[in-house]
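You will see chain A twice below: alongside chain B first, and alongside chain C after that.
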Partner chain A sequence: MRILEKKSLKIRYLHRKAGLTLHVLLTLLPLAAGAVYALLYSVGLAGSLAAGFTLRYWESLVSRGTLWQTFAYSAYIMGVSIVLSYASALAMVISARGRLMERKGSRIFYLPLAMPALVLAFFAFRFLSGGGWLASLAFGSGLIASPQEFPELVNDPYGLGIIFVHFLLAFAFFSIYLDRVYANERIEEQVQSAQLLGAGYRQSLRRVVWPMILRKTWPAISLYGLFVFGSYEVPLLLGRSTPEMLSVRIVRMLSRFNLDDRPEAFAIVFAYMMLTVLLVFLLRKSKGGLR
Partner chain B sequence: MKPVTGKILWALLASLFVLPAAYLLLLSFSASWHFPLLFPDALTGKWWSLGFTSRFALLGSMGLSLGIAAGVSLLSTFAAFFSSRWMALSRYRSALLLSAYFPFVLSPVVLAAATYIFFVRLGWNGTVAGVAFAHFLIAYPYAVILFSGYWNERLLTMDALAATLGAGSFQRYRRVLFPLSRGVLALALFQTFLISWFEYGLSSYIGLGRVPVLTVEVYRYISEANPHVAAVASLLLVFPPLLMLWVNKRFLIRLI
Partner chain C sequence: MRKRTTNKPAAGRMGLAALFILAFLSGSCRQAGSREARDPLQMSWEEVLQEARGSSVHLMMWQGDPFINRYMNEYVKPKLDSLYGIRLVLLEGQGNRIVSQVMTEKEAGIRRGGIDMGWINGETFYQLRQIDGLFGPFVEKLPNSRYIDFDNPFIAFDFQQAVEGYECPWGNVQQVIIYDSLRVPDPPRNLEALAAYLKAHPGTFTLSNDFTGMTLLKAFLVELAGSPDTFYGAFREQTYLKYSGMLWDWINGHKKYFWRRGETFPDAVAPLHQLFISGELNFSMSNNDAEVDNKILQGLFPETTRAYVPDHGSIQNSHYMGIMANGANKAGAMVLADFLISPEAQWRKADPAVWGDGTVLATEKLPPEWQKKFASIPHRKYSPGRAEIGKKAIREFDAEYMIRLYEDFRKKVIEN
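After this line comes the complex of A and B, so read on.
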């Protein structure tokens, strides 16, 4: 009996070990190996250009401002897309008093989520470009006389097309999510209590709804922001070569014939990976952050 | 909000959400549609029939994408179910869960760029197995995060009770854990399927364009300035998620 018990414990121990080892192998190992390789490549210790330790690729990136420009542009697209979509979704949810998804036809909010970003970017390109549907509408109504007169909405320096697609996706997502949070946290009841105690409508929004919703949803906002920051397909189709979003820039630098670009591309990869790790850590440490 | 304003806003939103699918559907059936036409001059089914010929082979691409997504979804769901159970019992639970967030939030194409050399060394670049494994690397952490809140005291106690009553590990999974977890398993299966199904950057980078999954084909037709076949391929790409939406809308909400 004792032998059987011992054997069962041993099997249990092996299962546990296997489960946890599998997890580490699949999550941390590829990431750590990739980060180390990117770092070594960027300082001249790995890859086809390895000729001994050097910081010249990093210095070149920093002095030309490429690193900051890429990060700043990605952060700008992320910030504008998230703020616009979150604010619009919140306004919708508040005006529907958390019963947005109970309305007839609310299933349409799920439609953009059924579309890959690549497909939405393709649609946006056909719809917003100079020879696209919106330009045809402007031409038909006499607003423009030729496609050249139509404002640049795709492949433009402000990333309007990219923001449009991210807005569409994030607005749908936040509307569904915030509506659920509004109902689950019984925010409407809290608003009514605040108003019974003498708070005005605006005051109850500012003091009750906004703090409660933000506290509950900011991990999702941050994660969604990180997705937008690293997005690839949308800026690939709708962006331009300068300024350029991070993922597109990395891939473009890695696919160029000029091999000198590769160490710099890996320097951006490493910086981005470290930034992501730092942000996830901060998100985890913060109050009410990731579980 | 006044009822009329609300109705107008609702109608605007409905058109904004429906527009992409409706536009692509019309584009896929249009003989030609260019500036300044607001609607196609004639309708035709030739892009659909052309899409399925040997030249375009969209059906083959769809089959390949379905195969990869189904395999990735099955493997990542069950691997994550297995490892998340042990994570729930581990004293390092918090650190282990944190490790799942890193590959999950990182841009998939950057992950592909950073790890590409290892795929080359293993001979997996440009192969179906390589693309499937790369998808698995992002689908698995997602499933772990999804299951992380699932292993509550009640479930773990049921599992322990079954063990005390003499059930072996296999029996506990088969008779206790899987039947109790049907809902969350279905959710993880569908959502990891979508992660793989929607993935473009990773597939094109690791697959080198030699693994013609549907997303890679959509991009190819767009860059070849073949918008009608790109629209057909896009609609094929949208079809399974729409089917999921019809079955259960919860399947489409990822991230939370």
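After this line comes the complex of A and C, so read on.
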């Protein structure tokens, strides 16, 4: 019996090690290699046109304010999209008391998630642009006399179109996810217990629901935030020439006519990777973070 | 509690395993890369044909136009297969994608790359030459190259850089400005008239922040300088600074009347067309002078759409086929290039109902029956005639002008 147990433990140990090795080989190693390559490229030590160690690409990037503008703009889009979608989804899940997905027609929440982001972005463009369906409706009803009079909802200074599409995607995701967390964590029962002990409705929301849900969903919020931070197709179609979101800027610099711009693009790639690693590290350190 | 030190041998084994796999993979890559094909430049044409038979050619090209796609898929592909036994594989991608892939392969030491041939123009040619990414000189080796009009400077030079057999001319086009004659009965023909139009109709004009938009800016530079001769020859810093300064002043002085007050610009011609079709813009533009016929036949533009070249002229340039230095099937790519410049392929492509692309052949060098065929190509219905706009054709400037225009347009207009 003990021999069998030992054997089973050994097999489980080997499985775990094999999984870890595969993870290192297929995920971490290429990422680490990519980071090293990006760093070397950005300091003139890699690439076809490399001419020896230099910090001029980093200096040029840092001296131009547009890099910080790019990071700030990406953070702004991420923050607004996530806060709006998370808050709306949470409000809906709480009002449904964790039974949102049991309701009739709730499968519609899966629809935006099944669509590629580019398709939704194109839909938003056709819907919200000056020559789009909404503008045609406004024109038909005499509210505007020409497409130029329609308010700027895409390619606009505040990223409204980009936020709209990310809101659609994230709201659906958070609604499904929060509903599952609400049910699995038996939050409704906890609320009822708190109320039996004398807590008011608002107090139970503030002291029970919010801390429990936030602790459970914090990693998902952070990872989804990173996804929005690095999104490409949506800001490419609905954003404007400046400020740009991070991925749009990187791809533009990589594909520019001047090949000397490539090291600067790799410098941004490296900075972005380090930021992501830092965030994942902080998440692991935080309570209820990634495990 | 388990001691952490027990993991050390496991970590070591893991590292060894990783190194082994990496070494194996890199070894395999080198193995694959070491299968050197014979150099087709050292073969007779018959040997090139023999070498190419039964092979596949991977051509990377822009596939954003249904007419061009149909020409390639329904005409070139089957012809290449039936005549030479070559399978043509089309890969989606244009200039920057080609350069990026070739550069990455080169940096990774891959000697048999994924692209055999690419549809390129001046900027890509300049970049690929910078990184020694092109194979050649191969054009003289092609039997049909004897018909190419190399006396034409619009064909023999790409961005003022001699082609020197490193890319094969495929078509020739001139930039036009597109408008709807119903909405704009009298389009502006110079910068002064454009300024007046912008003030009267704010928000209805813009340019794309891409190759086409920068090409329009070159034509604006010519008007500001008074003559294209100012920009011919090698790049001159003083010339550029003088006239580009005037250009940025003009644009910044009027950009409040541009679409979205000149705070943003469409990043390609496709969204520009989209804005034109939806009525947000009264103008679009194209580097294909037959674009209006194509788009009307596709049902995208209204039949009242027309195109013109302003008084100061517009850039005429050629587009080419380049064979990649690390392409795996250079012989097959050469056969494809030769077929694409054959009288039949060029004649078919020049028909506005097929594509409407200008030929790169000197038709007077062709056999009489082909001369007749070229003379009887149906005329364009909505686009301006090639001979008419050709009188106002401007040659491409040195590539450095384009680099600087891209950079300064961003710094001095977009981010200003």
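Basically, the second predicted complex is superposed on the first by the 268 of 291 C-alpha atoms of A that agree within 3 Å, B and C clash if a C-alpha of one lies under 4 Å from a C-alpha of the other, contacts with A are read in each partner's own complex, and residues count from 1 in each chain.
Here is the rule we use: a residue touches a chain if its C-beta (ideal position, glycine included) is under 8 Å from a C-beta of that chain, and two chains touch if they have at least 3 such contacts.
Keep in mind that what you see is a predicted model, and the values were worked out from it rather than measured.
Q: Based on the superposed arrangement, let me know which partner A:250 touches: chain B (first), chain C (second), both, or neither?
A: After superposition on chain A, A:250 lies in contact with chain B alone.
Q: Once the structures are superposed on A, label A:151 by its partner contacts, choosing first (chain B), second (chain C), both or neither.
A: neither
Q: Once the shared chain is lined up, is A:259 touching chain B (first), chain C (second), both, or neither of them?
A: So A:259 only meets chain C here.
Q: Does the superposition put A:200 against chain B (first), chain C (second), both, or neither?
A: Once the two structures are laid over each other on A, A:200 reaches no partner at all.
Q: Among the partners chain B and chain C, which is in contact with a greater number of residues of chain A?
A: Touched residues of chain A are more numerous for B.
Q: Considering only touches as defined above, state whether A:132 meets chain B (first), chain C (second), both or neither.
A: The answer is both, since A:132 touches chain B and chain C.
Q: Taking the superposition as given, does A:211 touch the first partner, chain B, the second, chain C, both, or neither?
A: neither
Q: Should A:123 be classified as contacting the first partner (chain B), the second (chain C), both, or neither?
A: first
Q: Pick one for A:20: touches chain B only (first), chain C only (second), both, or neither.
A: After superposition on chain A, A:20 lies in contact with both partners, chain B and chain C.
Q: Is A:177 in contact with chain B, with chain C, with both, or with neither (first, second, both, neither)?
A: First partner only.
Q: Per the definitions at the top, what is the overlap between the chain A residues touching chain B and those touching chain C?
A: 20, 24, 131-132, 147, 236, 254
Q: Within the complex, which stretch of chain B touches chain A?
A: 1, 6, 9-10, 13-14, 16-21, 23-24, 27, 34-38, 79, 82-83, 85-87, 89-90, 92, 96-103, 105-111, 113-115, 117-118, 136-137, 140-141, 144, 148-149, 169, 197-198, 200-201, 205, 215, 218-219, 222, 227, 230-231, 234, 237-238, 241-242, 244-245, 249, 252-256
Q: Which residues of chain A touch chain C in their complex?
A: 17, 20-21, 24-25, 29, 46-49, 66, 129-132, 146-148, 152, 155, 157, 236, 240-242, 254-259
Q: Under the touch definition given earlier, write down the residues of chain C that touch chain A in their complex.
A: My answer: residues 10, 14, 17-18, 21, 96-97, 99-100, 103, 106-107, 123, 126-127, 130-131, 202-204, 209, 260, 263-265, 267, 274-275, 277-280, 402-403, 406-407, 410, 414-415.
Q: Chain B touches which residues of chain A in the complex?
A: Touching chain B from chain A are residues 11-12, 15-16, 19-20, 22-24, 26-28, 30-31, 33-35, 37-38, 92, 95, 103, 105, 107-120, 122-123, 125-127, 131-133, 135-137, 139-140, 147, 168, 172-173, 176-177, 220, 223-224, 226-227, 229-233, 236-237, 246-247, 250-251, 254, 265-266, 269, 272-273, 276-277, 279-281, 284, 290-291.
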